[in-house]
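Next up, some structures in structure tokens.
Each of the two complexes below includes chain A, the first together with chain B, the second together with chain C.
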Partner chain A sequence: MGSALVLIFAIMSVTSRKLLRAAIYLLFVLIGVAIFYLVLDYMFLAAVQIVVYMGGIVVLFIFSILLTSHLSEKLQVVKPLEFIIAALVSLIGAGVALSVISTHTFKPVVADSPEITVFEIGTQLLSYGKYGYVLPFEVISVLLLAAMIAAIVIAKREKKPES
Partner chain B sequence: MSFSEIFLMRNELLLVTAVLVILIADLSFDADKRKQFYYFSIFLVFIVTVSGLFPAKSGLLFGGMYQTGPLQAMMKNILNFSTLIILLQSWGWFSHVNQQKRIGEFMILLLSTLIGMGYMISSGHFLMFYLGLELATIPLAALAAYDYYNSKSAEAGIKLILLAAFSSGIILFGISLIYAITGTMYFEGAGQLIDGSTLSVLGLVLIFTGLSFKISLVPFHLWAADVYEGSPIALTSYLSVVSKGSAVFILLIVLNTVFASLNDIWDPLIYIIIIITITVGNLFAIRQRNIKRFLAFSSIAQAGFIMLGVINNSAFGVATVVYFMLVYMFSNLAAFGVVSAISAETGKESIDDYKGFYGTNPKLSLVMMLAMFSLAGIPPIAGFFGKFFLFTAAAEKGYYILVLIAVLNTIISLYYYLLIIKTMFIEKSDTPIPFFKSNLPMKISLVICVLGMVITGFTSGVFDYMVEMSDQLFSDMY
Partner chain C sequence: MNIYDFKSLTDSIHTSLSVNLSPSAVTIIEFIIIAFAFMMLFTLLGLILVYAERKIAAFFQLRLGPMRVGKWGIAQTAADAIKLILKEPLVTKNADKFLFNLAPFIIILSTFMALGAMPFAKGLHALDFDIGILYLTAVSSLGVIGILIAGWSSDNKYSLIGAMRSGAQVVSYELSVGLSLLTVVVLAGSLQFSEIIASQEAGWWIFRGHIPALIAFTIFMIAGTAETNRGPFDLPEAESELTAGFHTEYSGLKFAFFFLAEFVNMFIIAGIGATVFLGGWMPFHIGNWEGFNRIMDFIPSLFWFFGKVAFLIFLMMWFKWTFPRLRIDQLLRLEWKYLLPINLVNILFMAFIVLMGWHF
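What follows is the complex of A and B.
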């Protein structure tokens, strides 16, 4: 059910001609992903998915859509030829990936502890040994700093030069 | 991991420090002291570059997430050094009144992409590889849209960010497939567990495709010309040398470590890509009238030549690529330096404006001529040896037809490089670009480039040293 939800709303989200509706459809896609995590028993990840993506990111999307465009505005209609080519390419891509994945025999994984506690996640995140993630954690902070400065550089308006 | 080991990542640590110092120092230099601020930032980048010249130790940090050695250090040195040269060439553009305020932001974003490239090259884990790639890309989109009152620049920014997102998505899908097969994200573990199944081939193709966007190999090159044309010229040269170089380096490392056992599969893949890349790059370069677009297509063709070395999966192949990148850096940055000087002085970027340039600015024309000769691969200059070694690397694997096609394409490329020289030296114009004096940093950078082009060509020790270093990729670490 989760995957049907994700698929249907993902297609609706990219084909919708109204930006706000696309954002709402995206919300349902993200709910579907949260369902995946719940089915896999990743309780913490599911909670994070709901709080961060639905609570934070989609709301931000909606804010920015409302701030930058008018509600009645519609996106351009895609030309039929472009639509057919794009649909063909994505269908072929999906077909290749699906056929390859379905024919591959995966090695069975021994699931020793289905429930991963927040405590484990926390220690892993700050451990610097093997399977520790402190370095990526720190690099992400540099990435965020750079992204913030980049956003400011683009958003800051100054008066046009005279030349 | 002891405390002293953390200095294995001195390159990245110093760069992060430099970024933070620039961020704070930006506030304390007033509007009339921007030139001092510029020199101060250059000095910081200079320190980082020099620190890379000290002998580099090999080692693993953070349980194998970060791995370094002389080869990685050499790659980072090339990238740092190119960044330094590009920044030296940028004063002409920075000195415009409305840019002076924003030198700090430009430096910070440029250096943070350099941090990302450092982590990417040193990554021993797919997560670090991906994070480094993102850090090396996202700020570039902001820099491409830096001249936001210029619609072409905004277009460049949008194109870059959309394609970066797209290629990152492809790479992530590839990584997820590899993870599904092997159950590990570490390069070392994944390399041992890849079994040659169809799924792992799909993973290889997807990761290769994603990186091809960055290297701008045909058919993933369509963004290059528009982005190169729209971006500020400092960023154009950065994209064509540093960004491309870092992607080539990580491709070398990933192919030769993680996908070493799939060599039979990526060989024909690269074979075809090389042929279409050089041919398309060359044929389109002939038609260009804008010098930035021209250099964009020329750099696409050069990327095809670089792949000739990648196809040889031995220490010699790796060394030819690193050596060619060094030579390519000097030659391409010399060309971009001249273009940048003219663009900052007169705002002209069309090839037709270069008519009669020799009559008014003989020194700059000579530098441009040397750069064009080096890019085309005319013997006494380093570019010849770079190409020669790449051809040898491909021939060593027995791909004689491929080498023949590449040599034929070199002749085509010689034609369009000579067209530029002909425009500057022989054709006359009623309104040539008037004589102007370049500023001091630009002069220094051009002298470095010219010396580099000559010296790296004549000293055989450089190449031997690189072969020696490249051995470690195949021996002690894995």
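What follows is the complex of A and C.
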């Protein structure tokens, strides 16, 4: 049922002709994914999904929509040729994914996997031993820092001609 | 230790239901009971807090406040609620009807989900996740989406400006709320509410955490007040410039939803503050004063929690009726140039103290 909801809202989000409604349908899709994580008993990922995607990205989308468009604006209907190409590409993508999933044999996971606590995630994230994630963690933080500085530089450059 | 435990009550309900019902039916009935309890709490909180706000505002302005309906105006908010229910729900002509009607529900939903994680008393705790604080920050960040949609879909300049201000404000102050809570998580070593409370058995973190805990508490109260869009940070609904901000076009029950959500959000912020900094339902203890501590233990945990929350709510109302409203640039400067850097340094400081074992 959850996956049906996700699919329906995904299609609605793509077909909606109002920009903000599309963003809201996208929000519902992401909530559906968070519910999947909850059902899988993976609380931490569900919460992160909500924080990052709903609290961050969707809010950013909505904010930029508020700044740039008006209520009465409607998106143009896509041309038939474009529609057909897009449909073909998405069908091919879905076909590839399905064929891979159906042929791949999943190893049975341990029957009752112990509940993963935040404590374990935290220590694992910063451990430099075996299966530790400290290097990716640091690399990503450097990348984020670079992105932030770049954003500041871009924002500053626009202001110069005014003053 | 505290002698009143709600665990026995919830356990007795569970066992009496399990006697002649299947487990799934028991779960469903328990869900219904909990949902009903939370809805009652929600409305009651709304009624009581609105009355308290009006009375406290009157007190600060040397007035009497509502006095006509009932003794000391106690029935005033109930009468207002009936009026709101009977009002016609208006929709502006060019509004995006679907989003216009959706917005109040998103806001009320996020408030409800946050309220579910509140530890009210010993053993009285609906959701006790391992990720408690992360869950709360996640859920409460959903509310801003409701505000943004409300402002955009009502096709009104004032609403739009109010929504934009609110978006900028909530998104930036969320950081401070999260970081100031993290400061105590460093101390407590857990995100789970029950464990945070249990770690404060020897004393509340605000007393045991030295100066960093005090700084974090101050920042939390400021940022929390800002996150609930209350004065002096009530720019999104600044009456004098924007009529009512993002909910200008709402009437009747939908307006009541926004209104209720604001007050319950205030309760949630005060509740988190009481839980994380003031020990939740833990009674007040002083070192080795055995007799004093015994007497304090006799006060039920429910009273401790609601007493602390009431104190913090009074503090927030005090802010509102004392300080003038900030301008948007002042608001953002306060957050990004003062609170956030202070907070980051504070967390480092706290981590250092915990590493050296200097806290009590």
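Throughout what follows, the second predicted complex is superposed on the first by the 148 of 163 C-alpha atoms of A that agree within 3 Å, B and C clash if a C-alpha of one lies under 4 Å from a C-alpha of the other, contacts with A are read in each partner's own complex, and residues count from 1 in each chain.
In this text, a residue touches a chain if its C-beta (ideal position, glycine included) is under 8 Å from a C-beta of that chain, and two chains touch if they have at least 3 such contacts.
Remember, it's a predicted structure, so these values are computed and weren't measured experimentally.
Enquirer: Quick one: on chain A, after the overlay, do chain B and chain C clash, or do they fit? Just give me the call.
Expert: Taken together on chain A, chain C would fit alongside chain B, as the superposition shows.
Enquirer: Of the two partner chains, chain B (first) and chain C (second), which one does A:119 touch, if any: first, second, both, or neither?
Expert: Only chain C is touched by A:119; chain B is not.
Enquirer: For A:58, decide between first (touching chain B), second (touching chain C), both and neither.
Expert: Once the two structures are laid over each other on A, A:58 reaches chain C alone.
Enquirer: What is the contact status of A:135 with respect to chain B (first) and chain C (second): first, second, both, or neither?
Expert: The answer is first: A:135 touches chain B but not chain C.
Enquirer: Which chain, chain B or chain C, ends up touching more residues of chain A in the combined arrangement?
Expert: After superposition, B is the partner touching more of chain A.
Enquirer: A:20 in the overlay: touching chain B, chain C, both, or neither? Say first, second, both or neither.
Expert: In the superposition, A:20 contacts chain C only.
Enquirer: Once chain A of both complexes is superposed, is A:79 in touch with chain B (first), chain C (second), both, or neither?
Expert: A:79: touches no partner chain.
Enquirer: If you take every C-alpha pair with one atom in chain B and one in chain C, what is the shortest distance in Å after superposing?
Expert: Across the overlay, chain B reaches chain C at a minimum of 18 Å between C-alpha atoms.
Enquirer: Pick out the shared contact residues on chain A: the ones touching chain B in one complex and chain C in the other.
Expert: Chain A residues touching both partners: none found.
Enquirer: Across the complex, what residues on chain C touch chain A?
Expert: It is residues 94-96, 98-99, 102, 129-131, 134-135, 137-139, 141-142, 144-145, 148-149, 151-153, 155, 160, 163-164, 167, 171, 174, 189-191 of chain C that touch chain A.
Enquirer: Under the definition above, what is the set of chain B residues touching chain A in their complex?
Expert: Per the stated touch rule, the residues are 1, 16, 19, 23, 61-66, 96-98, 102, 105, 108-109, 112-113, 115-116, 119, 125, 127-128, 131-132, 134-135, 138-139, 141-143, 145-146, 148-149, 157, 173, 177, 180-181, 183, 197-199, 202.
Enquirer: Could you please specify the touching residues of chain A with respect to chain B in the complex?
Expert: 96-97, 100-101, 103-104, 106-107, 109, 128-136, 139-140, 142-143, 145-147, 149-154, 157-158, 160-161
Enquirer: Would you mind writing out the residues of chain A in touch with chain C in their complex?
Expert: 18, 20-21, 24, 27, 43-44, 47-48, 50-51, 54-55, 58-59, 62-63, 65-67, 71-72, 115, 117-119
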